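This report concerns only the one structure given below.
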Amino acid sequence: MRPQDFYTSETSIRFARRLWVKWLRAAAEEILSGAQKAIEEMDESQVETMIQLLLGAKDKKIFVVGMGRSGFVGRAFALRLMNLSFDVYFLGETITPAAGEEDLVIAISGTGMTKLVISAASAAKEIGAKVVAITSYKESQLGQMADQLVLVKGRTKMGWPREEDYLARQILGEREPISPLGSIFENNCMVFLDGLIVELMYRMKKNENDLRSRHATIE
Amino acid sequence: MRPQDFYTSETSIRFARRLWVKWLRAAAEEILSGAQKAIEEMDESQVETMIQLLLGAKDKKIFVVGMGRSGFVGRAFALRLMNLSFDVYFLGETITPAAGEEDLVIAISGTGMTKLVISAASAAKEIGAKVVAITSYKESQLGQMADQLVLVKGRTKMGWPREEDYLARQILGEREPISPLGSIFENNCMVFLDGLIVELMYRMKKNENDLRSRHATIE
Amino acid sequence: MRPQDFYTSETSIRFARRLWVKWLRAAAEEILSGAQKAIEEMDESQVETMIQLLLGAKDKKIFVVGMGRSGFVGRAFALRLMNLSFDVYFLGETITPAAGEEDLVIAISGTGMTKLVISAASAAKEIGAKVVAITSYKESQLGQMADQLVLVKGRTKMGWPREEDYLARQILGEREPISPLGSIFENNCMVFLDGLIVELMYRMKKNENDLRSRHATIE
Amino acid sequence: MRPQDFYTSETSIRFARRLWVKWLRAAAEEILSGAQKAIEEMDESQVETMIQLLLGAKDKKIFVVGMGRSGFVGRAFALRLMNLSFDVYFLGETITPAAGEEDLVIAISGTGMTKLVISAASAAKEIGAKVVAITSYKESQLGQMADQLVLVKGRTKMGWPREEDYLARQILGEREPISPLGSIFENNCMVFLDGLIVELMYRMKKNENDLRSRHATIE
């Protein structure tokens, strides 16, 4: 059977296409099963403590910090917290007030070694704020300094040849690995944090209608 | 059996904890199974055409555009494309050159109704650039104007009381729904686009070592 | 006298250099004298009303909005307002709460025709918030809709071939004019708004030490 | 003469208003005369070398870096360089390729002590790129490491109690001084860099029409 025969029917074209994007499918599969496993393996007491810290910070300020892809995930989480009427900020944006005692910092770093995130977390601790670290490495500098660790698997160690500031890494072109493995921490975090928002929503007895009502925002 | 009895053993505490974060688990489950279904149902010929357009734009400029959470997903995708040495830009950042004929615009909008995304896409078409629309709605304005539609399910119609610019929506406080349903389009996109990067990597015969090598960036 | 003779002494080299960067000097001169004239010609009752609106919004939210270079000037102003402990936001950043009645929007647009700024201002008015327009054109759409106009000269009419969204303009490559004239509105605004911060500081009896004290931020 | 008498005529109201915003006027005066003096005192050979480095990087990549208000000024400068068709990037934005040998980094820091800027500059040097430092302090770490120093007066030493990363400073609430003095470096830089763009424009024989022509961007 020659290739041209093979591609004559709609079915076989569809089959061939399936082959064409097989890497996409394989990667998506790996991402999704990885995320499922990561969520299952999370330590619920860590998550519960993080929830209590968030609920306890209802009248305090919450700061989210992360760089690169962890930063995008962090921003999406911060947006949702704001929708739940938390007083939340993303570090590095123009408008960020100073932190105070008992404020809460959510620091996201797969390796737990991102310098900017570590220095922000350590400034926060100095001032008396609480730090929750979301990382794949308990023993990392970020993991060790945090008041509460939340382990999310997925970040491979291969990481960085050495510790560098984020802007220095941009200059040097040392990027995160781009295999599916390289994204798994951020994907796992996104699923975890989206789920966490739903959990918070139920705990706070909010529902979507409350949140979407404009009257709420005017008063 | 009284509650205090129930919580005496480590097992039952673990069980109780599982109950505590049950909404998180349910939401994560819904996100992941939704994403799996969305990827399975994608039209491979749409994806294949998008891949060909991307590969064909290797010596052209690629522009990614999206607002809010779609913007975060778009930025993460743009980062990866840059790692694969595409000449890519994210609209709205400081540095964005003008588009030209045959350049490529990747427009991401779940509803296909985001005004800024539509006006950017329509400016691109006018100039002779190609537009790929990633949306849940084929019949939306964005879906209709695109040169190539890539349907990613997940965005519910409930959407917006009316069309508004993004900054106007910030002022009005009309946000996207925050249930797991409300995030599903962006989550599905993230999995799809991460998978797409892996597919591109194989098609272009890049592997991670190539990408991480610093020598490559110096020459 | 031959060129080589001309350039033998330190003095003449210095003189030659002065010629070399003569356009820089001429442009700087034009920017500075233009700014001085613009500030002198400002209508003080407009400025005074803006000050009263700002002071009256001490317990309200303040939103600053502007695109491109006006956006950078707006962000710098927002930063300073935050330092003076106003509750201020820059539209378009991740974290922006909804506006409410009696909140204040500071909209910056030289032409008064920037679509995103206009749609944000009009959403604000609809909700009952007050809008201050900083623009060169009283008769522009933004100037007409504002509760308070603050005229800052400097933006030339040559402006845009047509009205477009900011992202569409990025795609089309239609940029602001880059002669010194083209920057004068933003430069004038920067001087005006920096001066306004000092004025507010005195009215509010703040001094720098108050603002820099860390204790203030902890309590 | 009683106050009510004083305020009866239009003239005296105007006079009173002048008193009301006297701090604004004084600050604007200080900013503008400070900027004029700073530009006059600039070392033209430093400026000329910077111009030559920029012109020499026409086929190379240019990276601009700065934090906070210096970042806004840097972004405005980067925008203008892009309009002049330089291949320019602002560090910290999503899309930033790796630097290579002979690329150019323009680092802006009044104190010359901003850690992120220093680490980016030092990464650039390591890779063989050239660094231009725009700072008020020749003897600062940034000033010392740069291939070319461009002194712009205006930043007072009072600066920071200690060196900190930018995000850590956001957390700590240690901000730049907000008196007119505190802004003078950034204002001076804005005037200098806007003037520099005009100088480059003449050197490159560009005029506004070239830059605004859309055909140029399509081909």
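Letters are used for the chains, namely A, B, C and D, taken in the order the chains are written, and counting of residues starts over at 1 for each.
To be clear about the criterion, a residue touches a chain if its C-beta (ideal position, glycine included) is under 8 Å from a C-beta of that chain, and two chains touch if they have at least 3 such contacts.
Just so you know, these numbers come straight off a predicted model, no measurement behind them.
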item	value
If a chain touches subunit A and subunit B alike, it appears here	C, D
Same vs different contact residues, subunit C with subunit D, by half of numbers used	same
A-D compared against A-C, more contacting pairs	A-D
Centre-to-centre distance between subunit C and subunit A (centres being mean Cα positions), rounded to whole Å	35
Inter-centroid spacing, subunit D versus subunit C (mean Cα positions, whole Å)	15
Between subunit A and subunit D, centroid-to-centroid distance (C-alpha), Å	34
Residue numbers of subunit B (touch at least two other chains)	75, 79, 97-99, 127, 172-174, 214, 217
Subunit C - residues contacting subunit A, complex	75, 78-79, 82, 88-90, 93-95, 97-101, 127-128, 214, 217-219
Touching residues on subunit D, where the partner in the complex is subunit A	63, 65, 91-92, 96-99, 105, 115-117, 119-120, 122-124, 126-127, 129, 164-174
Subunit A residues touching subunit B - in the complex, by the definition given at the top	14, 17-18, 20-21, 23-28, 31-32, 35-36, 39, 44-45, 47-48, 51, 68-69, 72-73, 75-76, 79-80, 83-84, 172-175, 177-180, 182-183, 186-187, 190-192, 194-199, 201-203, 208, 211-212, 214, 216-217
